Amino acid sequence: MVAASDASVLNGSGAKTLTGPGAHSGKISARDVNVFYGENQALKSVNVGIPERSVMAFIGPSGCGKSTFLRCINRMNDTIAGCRVTGKITLDNEDIYDSKLDVVQLRARVGMVFQKPNPFPKSIFDNIAYGPRIHGLAQSKTDLEGIVTASLKKAGLWDEVKDRLKEQGTGLSGGQQQRLCIARAIAVGPEVILMDEPCSALDPIATARIEELIDDLRKNFTIVIVTHSMQQAARVSQHTAFFHLGSLVEKGETQQIFMAPTDKRTQDYITGRIG
Amino acid sequence: MTRLLLSALILALGGAAYGLATDRARQLSGGKLSNLHSRLSYYGFFVALWTVLPALLLVIAWSIAEPMVMHSVVQSQLPADILTKSKAEVAMVDSSIGTIADGFQRLTPTELAAALASKTSLVDLLGSKGVALGTEPEAFQIAAAQQLNRWSDLSRYGITTIALGLAALGFVLSMFRLTGKLRARNAVEKIMLAGLVGASTVAILTTAGIVLSMLLETIHFFQKVPPQDFFLSTVWDPRFSAAGSTGTAGGQFGLLPLLWGTTYISLVALVVAVPIGLLAAIYMSEYASKRVRTVVKPMLELLAGIPTIVYGLFALISFGPFLRDAGAAIGVPVSASSVLTAGFVMGIMLIPFVSSLSDDVINAVPQTLRDGSLGLGATRSETIKQVVLPAALPGVIGAVLLAASRAIGETMIVVLAAGIAANITVNPLQPVTTMTVKIVSQLTGDLEFNSPQTLVAFALGLTLFTITLGLNIYALSVVRRFREHYE
Amino acid sequence: MTDVTVDTGYTSPSISALDPEAVRRRVAQRRAAEWRFQAYGVAAITFGLLCVALLFTVIVAKGWPAFLQSTLKLEVAFDPAVIDPAGKRVTDDIMAADYQALAAAAIYKQLGIAPDDAVATALADGLLSTGADVDLRKLVLADPSIIGKTQSVYLLANGNVDAVLKGAIDRAVPEASRQIKDQQLAWVDQLVTGGRLSKAFNWGLFTRGASSQPETAGLGVAVIGSFFMMITVLLVAVPLGVAAAIYLEEFAAKNRWTDFVEVNISNLAAVPSIVFGLLGLAILINFVGLPRSASLVGGLVLALMTLPTVIIAARAAITAVPPSIRQAALGIGASKMQSIFHHVLPLAMPGILTGTIIGLAKALGETAPLLMIGMVAFVVDYPRTPLDPATALPVQIYMWSTAQERGFVERTSGATMVLLVFLLAMNLIAVILRRRFERKW
């Protein structure tokens, strides 16, 4: 993806012309996205493109709107009363806020991993099988077992749990639980995986494993990760977008954002002056 | 009234003691209140409490003990042949002596002496003073009545003297202890704390009272009717408890039909209340908009605020006749009071109970679980059915058990709508009866306290208490563990 | 299941890879299931609301006639020969006079019946309430100077006449199986057109005591009894409950005893109310020897029953006061007791009050325990003290509900309306209090 020059984004006003084709290309593209919680505007005119089969990180101080934007991409904001989204977000050039599109199908294509590991109070097997079952992805029991095994393997959890698939998912350690949740998301065969600070509740060792996993998954999936930790963004992502006070301030290749930010606010954040 | 007057007098003395003690403390301070350990009012309270509390406790204790002492005074005066009579007759003599003693109180001593000497009719004499006697009292009754009056006089003067003396003693002793260094606040607060501790034990005393009183009466009952005839018999036919009669008088006290009726009606009630209450709670907490919730929730809670007698009345005047007529219209005989009537109306009563408990439980399931499921592309109902409800299951089970305990102990609906015939039937259109109905019917009307017909109510009560207690303890612990799991 | 060998390159089938038509069909099915599930929820709530509506409709429809009572306006001659033949004006004599005869004479005169016409007088007697004498006696006792005069007096009509006026008796029913005869019906119509017989607001429903005649039965004794009981509950349960809550919330150490007390309280809150009645019967009446049917005993039983509610509400209110308040008070040198009584308790008061009112409302509607302690009593005179025999509102409803006469049926529902109005008022006060003093920390 090509980093757009974003002078127009900086002023945060609505009408603008976008320069550079990058804003519209890629797996996902957002154009002039505004989000309101009741009277409050949480996101102001966000424009961004997310390239396929790579990791994009959203960084910024807390309350900057990065998680809000992430939740727009699979319409999880629909579940919050009083939340309103304007603008256009496309997945493979298909408007995801189109009234004809079923949100259930969208979420099967855009999976999500949350801040706190949230395995269902079911067995490990049933946790993974939940998604394929509701979407009717498996034709037979063997099929389903294949999906579960493959997902656990891809999430790097297989060796740890292969002998106790019938045990409760909640009995695993925090890091294992989070990998279980990733496996659960993988099992429905999504094209995009959204991760909302997936490591914030984990210890450094578990974090390292998840980061390795993310790097691995990049080969098959488009990954968007929201993170508090700039080091993590630098480690796992190829592209980074910096959010501040509800606006997307700067975006580009990770290397460039961290080495040579063009915006003063990005600079201040990276050097630790705001945050 | 005199007891009240005495208590008021003691309280007034306490007030005076408060004034005197604060004055004294002010003197002790030498004009500089900071010389004192505590604020002035604490010195006042310190002395006032010492003046009032011991005296007042004595008065209360004696008020409780006095009837028993007086009773034994009267008993000691009764001839042996009276005491060997039945309990009811002794009680009758007892109360007649009380009446005579009351009548004597209204006569002047000279009037009384003259009356007793001249053997005029006491019925007429006391009647003119407004005390009605049935028959001319016998000599031993007169003697007992006089003895009773002597003792009550003694009691009255005695308690007044002792209480006032105790108040004075408390006042003097505590005044002596009054110095500037006295930690009056600490002393007063210690007494307050004792009061708080005492209040917190009332709940335990209540439970103990329930268990002990019912256990005692139940043991009485089992002395007359063997336990196996109560627990294992299928026939409930207590006959009448004729006043004055003792012995089992041929009644049969089988618990099983009552237990069956109770269980059956409760089951019907749960079948109505659990699905409706649960679905209502799910809709309210997962789907309804805030505006709908603020309007509809209080309206549903109205059902919870309606007394059960009103539900019973509804079943009696409206739902029961409706079912009977509806049954007649399609040629099915339905009795106006039936399992279905009572169970259905009880189910309506339980809807808000089930729904508010389930509401709490469903809200305790963390939002992250819902997000996890929705994020995978599950619909809301799939999320609820496959993630939220399984997670909330222990809490929901707890709620259902609490509702069951409510249903089992419910009285007024079944009294008015279930019937009184102790049937064991599976036909929901027939009347059955419950433990609570029988407790009520055995204990209303004229009571003969020593007959099994009455005592059986306590055995039923104890059974009811044990069942509901078991359900409550289990349900509450399930719910508590569920909450702790998600906290 | 583990014998299925899949290499890590295996990709789960994606929803995009499936046949779009099959996916569309499946999603449609799932949407339908979603819709059905929501419909169940709406149906459940609708059912609940319908029950509320039905309950109130039935009670009001059956109960409102009870607030009207047919009254006869008659010219009653207070004949000294009947009231006080001896002419001594002694209260006992006046008490014992046959007032029903006065009322009867007045109606014979009104209808123009000869007093010696046995058939007609018997029928005319049937128009009057048999309780009419009580009202006349009261009138004379209040003002003996009316003896010898003739006055317009409003007297209660018989229950059957009342039923005719309220349209509860079908005139088409053959005379033989009707409770009111043709002649009487004619008289009723004549009296109504003459303005002598009409329906008036039934004050007696609120003031009269027990009676075997529906038209002279009222809630007076029950209201006073319930009032005494509520006062007792207030005086016993509230101080005890608040004190226990303070101890458990502020002082009690976390140990087994405290756990035991807490489990005990929550269990007590779920004990069937009838068991409290058995407790009252066994301990307060049999052991302590308090009189049966006394509102004091009823009040004490209800107080014990309400205690857990008050404790739970008070504890919730006390915990809601933030610790910063306590720390602030302790920080300036107040003792713990002072910080609680001067700062925490006043702030928790609205919550405690709300809980108390809700507990009182529950106690006011409670019937079963009162049946155990003999509140099912036929009490004609107002109780003067809490130790006098009395009944309670819900018990009165119960007693009337078991009576067969038509007049009692409407009174049962009428009394229920009175009870519900009291309860609604109490709940409303609780809601207003909560709104008014609700405070976010």
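Order of writing sets the labels: A, B and C. Residues in every chain begin at 1.
One rule holds in what follows: a residue touches a chain if its C-beta (ideal position, glycine included) is under 8 Å from a C-beta of that chain, and two chains touch if they have at least 3 such contacts.
As the structure is a computational prediction, the values presented were derived from the model and not from experiment.
Ranked by C-beta contact pairs, the top interface belongs to chains B-C. Among the other chains, A has the CA centre that is most remote from the centre of chain C. Distance between chain A and chain C, defined via averaged C-alpha coordinates, is recorded as 60 Å.
Centre-to-centre separation of chain B and chain C, using mean CA positions: 19 Å.
Annotation for chain C: residues touching 2 or more other chains are 15, 30-31.
Annotation for chain A: residues 104-105, 108, 134-135, 188 touch two or more other chains. Touching of two or more other chains is recorded for residues 377, 379, 382 of chain B.
The residues of chain A lying in touch with chain B in their complex are 74, 76, 79, 81, 103-108, 111-112, 114, 116, 118-122, 130-131, 134-135, 181, 184-185, 188. Here chain C touches chain B in the complex through residues 15, 30-31, 33-34, 36-38, 40-45, 47-49, 51-52, 55, 58-59, 62, 239-241, 243-244, 246-248, 251-252, 260-261, 263-268, 270-276, 278-279, 281-283, 286-289, 304, 307-308, 311, 335-337, 361, 364-368, 371-372, 374, 376, 394, 397-398, 401, 409, 412-413, 416, 419-420, 423-424, 427, 431, going by the rule given at the top. Those residues of chain B that touch chain C in the shared complex are 64, 67-68, 185-186, 189, 192-193, 195-204, 206-207, 209-210, 213-214, 216-217, 275-280, 282-284, 287, 296, 298-300, 302-303, 305-314, 316-318, 348, 351-352, 355, 377, 379-382, 384-385, 402, 405-406, 408-412, 415-416, 436, 439-440, 443-444, 449, 457-458, 461, 464-465, 468-469, 472-473, 476. Against chain A, in their complex, chain B makes its touches with residues 289-290, 366, 368-379, 382, 386-387, 390-391. If you check the complex, the residues on chain C that touch chain A are 1-2, 4, 6, 8, 10-18, 22-23, 26-27, 30-31.
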